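Pasting a structure below so you can have a look.
Labels run A, B, C, D and E following the written order; every chain starts at residue 1.
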Amino acid sequence: MSEKNNISRREFVKIVGAGIAGLVVGIGAGYVAGRGGGKTVTVTKTVSPTSGKQTGPSIPSKPLKIGYMYFMSGPFGTYGKMASAALEIARDEINSMGGVLGRKIELISKDEADRQHVIDNIVKMVKDEGAEILVGIDSSGDSLKLIKTIEQELQVPLIVTHAATPKLTECGKRKFIFRISMYEEPIDLAAAKLVAENYPNAKRIANIGPDYAYGWDSWAVFSKKLKELKPDVELLEPIYVKLGTTDYTSYIDKMISMKPDIVFSSLWGGDAATFFKQAVAKGLFKIIKAYINPMLGATDTLKAIGDSNVPSSGADIWGSGRYWFLYPPHDVYTLNKRFVEKYRAKTGEYPPYVAGTSYTALYAIKAAIEKAYAELGKWPDVDEFVKAMEGIVVAGPMGPIYVRPEDHQGMYYVYWGKLVKGGPRGFPFPILGDLAIYDAGEIFPPPLKTLVKCS
Amino acid sequence: MSIDYALVQAINTLFYASILFLIASGLSLIYGIMRILNLAHGSFYMLGAYISYTAAMLWIGPTPAGFVAGFVLSLAFLAAVGALTERILIRPLYSKPSELQLLLTFALMIALDDVVKMIWGPEYKSFTKLPWGYMSIGHYSVPIYMLVVIASSTIIGLLLWWFFAKTTIGKQMRAAAYNPEIAAALGMNTDLLFVSAFALGSALSGFAGAMASPILTAYPGMGTDAIVLSFAVIVIGGMGSILGSVVGALIAAIARTVMVIVYPLLEVALIYIVMIIVLLVKPTGLFGKEIVERR
Amino acid sequence: MKILVKSIWTKLGGIDVLRGVTLEISSTSSIALIGRNGAGKTTLLRTILGILKPYRGSIVVEKGGEQIQTTRMKPYKIARLGIGYVPQGRMIFPDLTVEENLEVAYGSPVPSDVLEWIYTIIPDLKKLRKRLGMYLSGGEQQMLAIARALVRRPKILLLDEPLEGLAPRIVKTITKTLRDIREEGVGLFITEPGNIKRIKPLAEKAYGIDRGEIVYSGNVDGILQDPVARRRIWGL
Amino acid sequence: MNRVLEAYELRKYFGSVRAVDGVSFTLNEGEVLGIVGPNGAGKTTLLNIISGVIRPDSGKIYANIDGKKIDITGWPPPRLARLGIARAFQVPNVFTGLSVIDNVRAAIIGRRRQYYTLKSYDGGLETVDEEAWSILGFIGLTDKYALPAQELSHGERKLLDIALALALKPTILLLDEPTAGLSATEKDLIVDLVKRMKKEAGKSIIIVEHDLDVVFQVSDEVIVMYEGRILAKGHPDIIKTDPKVRSLYLGEEK
Amino acid sequence: MQRRIRVSTWIIDLYSVIGVIALLSVLPLFISSYYTRLVAVGILYGIAATGFNILFGYTGLLSFGHAMFWGLGGYIIAIGLIKLGLSFPLSVLLSLTILVLVALGAGYISLRHTEIYFAMLTLALSQLAYAIMLKWRSLTGGDEGLYGIPRPLGTITHYYYLILLVSLITLIVVWLVLRSPIGLAFQTIRDNPGRAETIGYNVRRLRLLSFLISGIVTGIAGIMYVPLEGAITPEALYWTFSAEIVFMALLGGTRAFLGPFIGGIVYVFIRDYAMDITEYWLFVMGVILAILVYILPDGVVGTIYARIARLQRLKR
């Protein structure tokens, strides 16, 4: 696998290289594009960083208010807590460097768990509390619900850091909405490749996912791609369960009775952990070859699963996510190392993927504003900000992210990792061991093209 | 369908029915004796789950001793919570319209969700280990823990039967359920009987939470789903009847498993369809007696 | 022991059912309270027992030289002072057996000596021990209701229309039983809708009640001679 | 004299209990028929049969209203009400949340079936109000018209209950223990009202009462029931001295 | 005898409705568009609670499933607008038609009982509707619900006035019905169904009528809410929302005509405030509700009415 990864890595560097032309990066950070020594790409600052006390006449003096919304309570409440911790780290860093063109960042927030009032609350942050830019959104459904409100009513930029439905960016170009984080389609496409390449004998493929668009779309993308790569697979009747289901035992035994070789599952958060534990208890992993979960690379889920539940034999368990705190490796990519250390100092935990992407979002905002300032010599208005965001490259803990202008979608590599016990490696929870890295250029569909039905 | 498969699904069903029975029997006995529909009953289930988590994961560790300590603690704690709830919150409302009792328990329900978040945080609390190992049935596997839960709830069911059939205080509760005024005038301490009944019902719910959470995990809001299912169970079985709770729980669990296997689309809906049919055909439930509203 | 009822007023469902009732019940006498249906007899008993609270007046239990205010006391505490209650319509717990009915009133399985004592007074119950309350006949239920009131060995027994709705033969049996109980040194307070003949063998003294007011107090025969009481209670 | 109500051999058994066991009687137009008897004699069951709450096991009831003789056996209360047989209840059966006048209006509107209109019930239906005020005047509750029924005294509620029955413009009025729960003075109000309903409003009335004193004051004929049967029947003065009745009530020797 | 009747409380209610709506109509001039939206939500909650109260406060039936009408009204207009591509008026018409059918069906079934069994039947029916909306993915979007629902009249403020107009009409129609003999009939059934029957009312038919009107009014609120929010999820039908509707009605007072309407608005503002001061806002709501139960069982408006009534009586 390493040979192939070397190739894809080079592909990726090309894309980043393309984006680098004339780019402004808020952080001067070294990026080492490879594990254990490869070619080093240094992201150079073509425009001098605008940190410091830089206040022109056109720059407002009041703080820059950024509103964010995540699940702060309920079954997925940890996601918000983790993301907001990361946002606070980024805010403090930026503010200690003098803010964005001298404007300090101020964060305000609302709870996405209040499902009936997601839109109300977003509107409140903008109209009533004066948020100039929005960040966040955990649920795909909520992100789609917000499109109309953001694009037509509010007309403020929204940087999505978590919601992963292709429909958000790939079903028509949004004007004010950007997504800095990985979306589900490349991860699912990579999963299909992973299965096709590593499990040539696997025939029967089962699915259990949450009963909403994310669950259906993930299976649709994965299964379509897999059928294309490996026409002999048999796709079993997919199982969908209500979000927040706690008793999977009957489903698991039903699945066992279907005798699958591979189980694909897009369950996430607490649901993923609950399912996993019951699957262990029910011996599912003893009878299958591999378990593939695109959302397993979440530290909170892994913590809930616990080392004791990692089967020592049986199926390979693969997980992915938007960011894995051990990649790029700390010894070669100091930004990631620094972020993990800061996050641990603040929360006592290892950063989950939502932390990585939300942290990066603030730097993307900073970079875009400074880029626009460099070109226009003034604080950008909304349209100018949008223009600056398009094509920007920003370095986050996961490495540089290139924001594709055509669809406002952030691009970087996809990783898949195999679940191993964390204890022996010094972690208090299971971690993803050997990583398979899929280059963005290779795995991303072209902009505004998706296997998912858009209507 | 192979016999192995049928067997494991039967065990899954019994496990689910056991939990439902424990919650619903508590709700049912409180209603039967005191005519109070406690909406916070599901929240007591949730509290039981968290206490068990605290004992087994935070204090003692996921050993059999930790789990057993969790069961016992949640039973005791929820008995106390139930007693205090009846004594302090509900008793002043006995003379008021029953809507107010319903609203008060609703208030308690939503408040307890947040209390749990304040103490334990909003995330899923998941037990990383089940005690007592696993058993194989064909190429299926069954955690012994599930069998322990089924056995425990069977024992609890028998104990409840024994309590109401054989002990004086159990019989006094039945007497008070029939006519609390006469019971009091004959010298029975009905205040104590009501507190005890409420405590017992609440303890059952807490115990259910403690038993369920190692497999089903604990999370804020788990009570809201549990209470509405319990309503279905006791309406089907008959409000106030312990045997009704057994049968109602079995019907709910069987309906669910069958739907999971045959037609998952209807899984969520079926229990309410059964509930509606029972209410229309036999409003007192399969084993219920006529319930006289009491003010 | 004595129960002193001092000009109590009690409302039931917004109705003044008792309008200043004063009377005295003692453990050394057998008293009849005679009044039509709805005159306030049951309400009076329920007020004495603390099930209903008077909004004016007071009730005092005199016991062993002590004066105990029971006006605001909980019913079970009043009962435990030594007051037994045989409610109107018997109110036997239907899904408990005869012995269980006694057990719940006693508070634990009834000790054999108490049980023996009860069975000597009411021998008919012995063979019905295991029968459910709902399967007893009216007379049997009445026997059980009396037995149930006796298990705590009260000093005073309040009986609400114990002879009502029973066949003459059963009335005789119950009457005998009650006289035996009286012999055992238990005071009786018996309400009666108006049949002087059947209450006479049981009562040493009578009160007349009409529309929540005591309209007569004296010996049993005298009530028919009193023109006011006679008109108000019987209209004859 | 017109017999507005005739009942023949009414029977109703509950299991082995013969609550009403072959009772026949007639009610003459403009007269008051009193039904008395000790507890459990079957008075209430009889009244429930006449007012249609209970269907008799056997027997017939006929009404002669507006010159037609109609078999009304087993008719439900609303149908009887439409025909002109209304009942007042032992426990005042009024609409506690409504004001006194609205109680009466509701009954008048119900009788007239005037409810599919968007006119206000609260003053918008003038003929209804006219009638309501006259009933309140007759019954003596005019001063309390605005009070919610739940704030009335028990006696006033009894009056309102009778007012509801009167609002149905009945030919025959069935009164179930109209003085139960009343004080001695309130009782006289009712006695007076019953007399006026007979004399001034020309109602034919059946009254079931425990208080013989009341019955003797108002009735033209009295039926004494015992164990489901008629023990004696006749003019109040005759009944008063009937030894069977005295024995029944006082336990005196026959 | 011909004394003049004291001014009818119904006239006071009408003036209150007009006064409150007038007040609400100038409100957007003074508050931000966020608060305009919030008030709009409050108004619609108020209408939903008013609908509920026709059944509960006036007819004496405690429904524990009124979220069904709110949610179905919302879902059907959303389906009409985005799945069937109907115009706004046509979608409203479709939604109302289906609401009538559902209300008649649900009423026919649940009115076989009263009191606790009625509450349980309405609960079961609404949970069934919830399950159907959750699972009929092709039509309802499943868990995720429907979104991107266009709002007629564009801006919030314009739509606010449409909501206000609809609310005014709805309140006046409800007012007309409740002060008509039908409303009196409902109240007689609430107080004493047996007697209502004997004085000539067809109790079952009138209960069904009340259920129908009640369901439609709550449904209208749901219909208007969805274009405001632009989205709907199955939570709109979950039983806890039914309980919230009960909460709103009792908050305002079920014995006062405007009680539930004011209750809805107050509810939204309490919640908004609670959410601002703490993430544990549900706890705050629970405590407020509990306090209400003990000290203000007649609700906010109901208590004011009772005070006024007592003053009036003292004067006379």
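The rule is short, and it goes like this: a contact is a pair of C-beta atoms (placed from the backbone, for glycine too) under 8 Å apart; a residue touches a chain by one contact, two chains touch by 3 or more.
All values derive from a computational prediction rather than experimental measurement.
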item: For chain C and chain E, chains touching each; value: B, D
item: Steps in the shortest chain-to-chain touch route ending at chain D and beginning at chain B; value: 2
item: Per Cα centroids, the chain farthest from chain D; value: A
item: Furthest chain, CA centroid comparison against chain C; value: A
item: Of D-E and C-D, whichever chain pair has more C-beta contact pairs; value: D-E
item: Chain centre separation (chain A, chain E; CA means) in Å; value: 42
item: Geometric centre distance via CA averages, chain E-chain B, whole Å; value: 32
item: Distance from chain D to chain A - Cα centre to Cα centre, in angstrom; value: 80
item: Per-residue multi-chain contacts in chain E, two or more chains; value: 134-135, 279
item: Inter-chain touch pairs (all); value: A-B, A-E, B-C, B-E, C-D, D-E
item: Touching residues (chain side chain E, partner chain A) in the complex; value: 32-35, 37-38, 41, 134-135, 137, 141-145, 147-148, 150, 155-156, 229-231, 233, 235-236, 241, 275, 279
item: Complex interface listing, chain B residues touching chain E; value: 37, 39, 89, 92-93, 96-97, 99-100, 103-104, 106-115, 117-118, 224, 228, 231-232, 235, 265-266, 268-269, 272-273, 275-276, 279-280, 283, 291, 293
item: In the complex with chain E, residue positions of chain D that touch it; value: 77-78, 81-82, 86-87, 89, 93-98, 101-102, 105-107, 109-111, 113-125, 129, 133-134, 137, 142, 146, 164, 167-168
item: Residues on chain B engaged by chain A in the complex (per definition of touch); value: 1-2, 5, 8-9, 12-13, 15-16, 62, 117, 121-124, 126-130, 134, 136, 139-143, 145-146, 212, 215-217, 219-222, 225, 256-257, 260-261, 264, 268
item: Contacting residues of chain B [partner chain C, same complex]; value: 168, 171-172, 174-175, 178-179, 181-191
